[in-house]
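Some structures are shown below for you to check.
You will see chain A twice below: alongside chain B first, and alongside chain C after that.
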Partner chain A sequence: MIAVTVGQWALWIALAIAVYGMIASILGARQRVPELVQSGRNAVIAVAALAVVSSGCLLYLLLARNFQVDYVYQHVSTYLSVPYVISAFYAGQEGSLLLWLLFLAVAGAIAVSHRRDWNEDLLPYVGAVVSGVAAFFLFLLVTFSSPFKLLPANPGQGIGLNPLLENPGMIYHPPTLFIGYAVYTIPFAYAIAALATGRVGSGWVRGIRLWSLFAWLFLGIGILLGAQWAYVELGWGGYWAWDPVENSSLIPWLVGTAFLHSVMVQERRGMFKRWNVLLATLTFALCVFATFVTRSGLIESVHAFQRSPLGYYFLAFLFIVLAVTVALGIWRRQELASKREMESFLSREFSLLVTVLGMVGIGLAVLLGTLYPALAQALSGRDLSVGPAFYSRVFTPLGAAVILIIAICPLLAWGRSSPQRVLRAMLWPGVMAIVFGVALALAGIRPLYAVLGFAACVFVFTSVLVEFGRGWFARKRMTGESYPVAFVRLVNKNHRRYGGYLVHLAIVILAAGVIGSSVYKTSTTISMRPGESMQVQGYSLKYAEYAIQPTEAKQRFAVTLDVSKGNRSLGRLTAEKNFHWNIEQWVTEVAIRPGLVEDLYVILSGLETNGLATLEVQTHPMVTWLWIGGGLLFVGTLWAMWPRSEKKRAAGRAE
Partner chain B sequence: MTENKTNVPAQKRRSAKQVKFLAGGAVVVLIIAYLVFSSMQGATAAYLTVKEVKAASPTERLVRVSGTVIGDTIEWDAHNVVLRFELADDTGRLPVVYKGVRPDMLRDGATATAEGKMGPDGTFQATQILLKCPSKYEEKATEQATSR
Partner chain C sequence: MGTVLVVLLTLAAAAFVAYPLVRGMRQRPIPSVPDLETQMAYADAEEIELDFRTGKLDEAEYAALTRKIAAAADDELERRIQAMRKARRHTAKPAPAAGGACPRCGAPYDPGDRFCAKCGASLAQALVCANCGAPYDPGDKFCVKCGKPL
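Entry: the complex of A and B
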């Protein structure tokens, strides 16, 4: 039981140190006492070390299956396999908060250890903000939400993980998302530091570029991993159901996207300073809000945790975050003013402003839809819910507009650009989009808005490729290098630009996947006896075998089909519907045959003892495109983040 | 929204040019706001009690009704994929029919929310069923089923 004591005490000591660290950092910076500043920095590192110790203790208790610890009893059983025992760390509220703290503290320790000339004045305040946020989570962990609470006696067996959570998604999705949430603390901390010191120039936005890309990447990939999980889990309504918990993870990503773009304007033109401070804070606040939605039970969701008083503390914390930023912003309003004015609608600045407004607008719309039921309940006492219809009506036109901006924005120059040049650059993408759209329409693809959507995707895709090609051929002409060499050197010369282009391509692929999968889904219900064959949506399904057997954890019901299309065999699919003893509940395991064009998705809805099976056979077109787009998003963002070697950077400066 | 502050120079002087960009930004904001508020119309479903649902005449409008599932009344026709059950709240009992796969968590005592319309035969035609599990499981303890 030493692990319980150590883990609990580590949290208490960390709380004391975090509070001290916050005060020491601020005092040290304001009174110019280097010793206090250093001490505040050490405090951030100490909190990180203690968070690691405490997390290690919880992990040890889980792996040792010490059921006297309530948290272990709730989430682990003797027959749960080790990967899921590890994932039980964040299966409950207490462990999730500890994980948040762990990522936040480690990121904070790295941030304050990264001392450079440009951030010497900012770092004490960064440390203070990190300590303050850590103190909030530590306060929750030692008071309302301790993972180290003990039961009076050891029950000998735990309840175990909900079988719905026994999916690889459980291992990858929550930590990825949490890294994104927690790391967004660093850009926020820098924004506050910039306001506190009055150094709101381009230093801080340049300094946090890697942090914000890193957090954005993890958040994005986390959302996609969650979508993938929801897709294979029958009860969660497909990869995206506009559920409040899903929405609340998307909102900070949308606002974070706006932030990534508005930062560029400050770096290049010294404008948008207010936007950047606001967006850094908003993104962080929305990450906290997302954690809060999952914890509070305030909003009806299929993924929510039980209702708890934690919600009020989260609300209070959010209020403080926003109030501090607004107060500091008003105090520094002189410094935040732009030194330069916009010159033209046809400029990179203005198109980026539209991008920012669009992303924040979509984010706020989703937020409104998510909060509307709670607001309506509070204001008028009426209970109501907002359906997916709202989101698709808002998202479709705004999404299309944002996608088109992706095509236009990179073509525009800073300051102003000539309309002729822009029109010329849009010629080939326009031709391709029209040809493609007409071809689709002639091929009988309907409805029209889907055709338009695909044509828009082609327009953007081509325009990004044309931009690639333009740079590539120009380099080849100028340097006389061979095509492959010119290509590699080109993309290597400007990681930011070409990484960004790759991400733009990824977004277009994602958009195409979303259009295809939401418009062309089919569903057919069939009944079959063993040995029978059937044709469904062009697939021939042969009922190969079935199994009804009890195991230690469940009563298993399974049907295996041989699937083929034309003469080509596509292998076997086994769809299951199992009754789990420990929760006395049915859990359906769908069978999926993924494909580039469409996924075949089979649900077993009933199996009688004589083998008569009822199956729901669905086709989900272009879902695979989402995962491909996600992969490309990952590669592109990594490329944009990849540092150039010092030598090359020096050479680049000399050029 | 602070976009109208973004381009204002420190000196209170606003050139005519800047007003143009502010207007441009404002147009974008107004379009988004219009979309959001117009889309909200008809996209919300009101929660009603069983009594209210029964009293309401059949309309095109979606409503939601919550209650406890009565275990004895669950009829699952796996052949035709039709689920029938009754929901009960303080105001009465409501027969519900749902054409779709039986949600795993549907059982006696579970709290269910059905979204749909009242049919002419006095049966609630659900297009979506949401379930909250009464067990000790906290996470993911609810489930959603949507007829596809």
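Entry: the complex of A and C
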């Protein structure tokens, strides 16, 4: 029980230190007492250390399967394997909040230790904001949501993890997402620091570039991992269901994307200062909101495993965050004013403004769709739900606009571009898109809007490739280097630009995957006896064997099929539908044969004792493209983040 | 056991946080990055160059933008030179180097010189303790023979 005492007290001590750190940092900065500022900085580091201690204690209790601890009892059982015992850390609300705190505190400690001359004045306020946010989470952890609560006696066996969570997705998806959420605190802290000191110029936006890219990357990859998990586990027959919790993680990512783009305008042109402060705050607030939606059960969702009064505290916290930002923003309105005017509609900055508006617009639409049922319930007492129809109606035009702007924006120059040049730059992408679109239409691909969608993707894809090509040939002409050398040096000389282009390519591949999989999905329900064969969607399925057997955790129902297409064998697929004792519910394990063109997706709907099986055979075209796009997104963002050494920078200048 | 650990944890955390208040600040130098304005001006110039080379800007636009950047850089340089001049006017004249005058010809010499640069007289002899007459090295604070301050 030492771990319980230490873990719990570490949180109390951390709370006291976080509150102290917030006050010390602000006082020290305002009264110019460097000792107090340093003490505030140490407080952030101490909170991080204490969060590590407390998390270590919880992890130990989970691994020791100490069932007297309520949290361990709720989420672990004796037959749960070790990786899932570790993942049980964040299976419930208490552990999730602790994980949030851990990531936040560690990121904060790194941020305040990173002293440079440009951020010396900002850091105390960064420390104060980090301490403040940490104090909020610590307050929840010690009062309403302690993971160290004890049961009166040790029950000897735990309930165990919800079987829906027993998937590799559980190991990677939540922590990745949580890192994204927690790290977005740092850009927010810098925004507040910039407002507090009045130094709202380009220093802070440039300084936090790595932080916001890092958070954005983790959030994006986290969302994709979640989509992948939903695709393979839940038997919904899809990677995205516009579930409130999925939505709430998508919204900060969209607004964070807007932030990444608006930051560029401030760096380059000194405009969009208000936007940047607003977007940094909004992204953070939406991350907190996402945590709140997941944990409050405010909106009915498969994710809302629990209901709790925590929601009100989250709402109060969100209100404080927004109120503080707005108040500081009004106070600093002079400094936030733009010194430059937009010169032309045909310019990089204007197209970036459109990008920002588009991303925020989509984000708000999703937010509205997510909140609408709860609002309608509160206002009119009626139960309403907003289905995928709403989202596809809103998302399709806005998504298309965003895809097209990706093609056009990088072609424009800062300041102004001449229309002839832009048109000339769009020539090849345009030709390719038309050729491709006509070819698809002639090949009998329908409906027409899907063909248009693919053509738009080709347009963007080609325009990004042309951008690479133009830079490449220009460099070759300038330097006389050989083609491979010129290419490597080009992309190596400008990580931001070419990393960004790779991400654009990734988004287009993702978009193509979304169009393909949502338009061309097929579903057939069949019934088979052991030994029978059937043709479905060009696949021949042979019922090889079935199994009905009880295990410690569940009653297992499984059907194994031999799959082939033409003369080619595609191997065996086993679809399962199991009854889990601990939750007394059915959980479906889907069988998937992935492919570049389409995935074969088999769901076991029912299995009788004589082996008669009802199967839902689906094909999901181009889903693999989502995962390829995700991989490219990762590589591109890493490339954009990768720092160039000062030496190389100087050498680059000398060229 | 648990209580002991909690007390230790509390003490350690409190000590770490309070340390700067008790010890005072030891000013450690803050790592400097080349100032952001300059970095961004360079990035701007690189960007414009690439935009021109890849055909996003025509000759005239490129020339206009480059002129603008050059003018801004001139202004910035001028501003910095003025700032440096102002700073120099404000600081006092540097103090003359410690050393002394040659006892033979009166020419000044730098600390560490052994012979006068003007007349060649040995300067080592010029350094003798006023109390006991023993020679000492330049830079010594006390006489090695009698211990009196020099």
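Heads up, the rule we're going with is that the second predicted complex is superposed on the first by the 647 of 655 C-alpha atoms of A that agree within 3 Å, B and C clash if a C-alpha of one lies under 4 Å from a C-alpha of the other, contacts with A are read in each partner's own complex, and residues count from 1 in each chain.
Criterion: a contact is a pair of C-beta atoms (placed from the backbone, for glycine too) under 8 Å apart; a residue touches a chain by one contact, two chains touch by 3 or more.
Keep in mind the model is a prediction, meaning the values are calculated, not measured.
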item: Partner chain in contact with A:S533 - chain B first, chain C second, else both or neither; value: neither
item: Contacts of A:I45 with chain B and chain C, given as first, second, both or neither; value: second
item: Of chain B and chain C, the chain that contacts the larger number of chain A residues; value: B
item: Chain B versus chain C as contact partner of A:L368, first or second or both or neither; value: first
item: Which superposed partner A:T5 touches (first chain B, second chain C, both, neither); value: second
item: Chain B versus chain C as contact partner of A:S113, first or second or both or neither; value: neither
item: Touching partner for A:N154 - first (chain B), second (chain C), both, neither; value: neither
item: Intersection of chain A interface sets (partners chain B, chain C); value: none
item: Contact footprint of chain A on chain B as seen in their complex; value: 2-3, 5-10, 15, 17-18, 20-21, 24-25, 28-29, 32, 35-36, 38-40, 42-47, 62, 64, 76, 78-81, 101-105, 107, 115, 130, 133, 135-146, 148
item: Residue ranges of chain A touching chain C (in the complex, touch as defined); value: 1-2, 4-6, 9-10, 13-14, 17, 20-21, 34-36, 38-39, 42-43, 45-46, 49-50, 53, 115-118, 120, 202-203, 206, 267-268, 411-418, 421, 424-425, 467, 470-471, 474-475, 477-478, 494, 497, 646, 652-653
item: Contacting residues of chain C [partner chain A, same complex]; value: 1-3, 5-6, 9-10, 13, 16-21, 24-25, 27, 30-36, 40, 42-44, 46-48, 50-51, 53-58, 61, 65
item: In the complex, chain A residues that touch chain B; value: 74, 91-93, 159, 162, 164-165, 234-238, 241, 243, 271-272, 274-275, 278, 300-306, 334, 337-339, 341-343, 345, 350, 353-354, 357-358, 361-362, 364-365, 368-369, 372, 376, 382-387, 389-390, 393-394, 397-398, 521, 523, 525, 527, 583-588, 603, 605-606, 608, 614, 616, 618
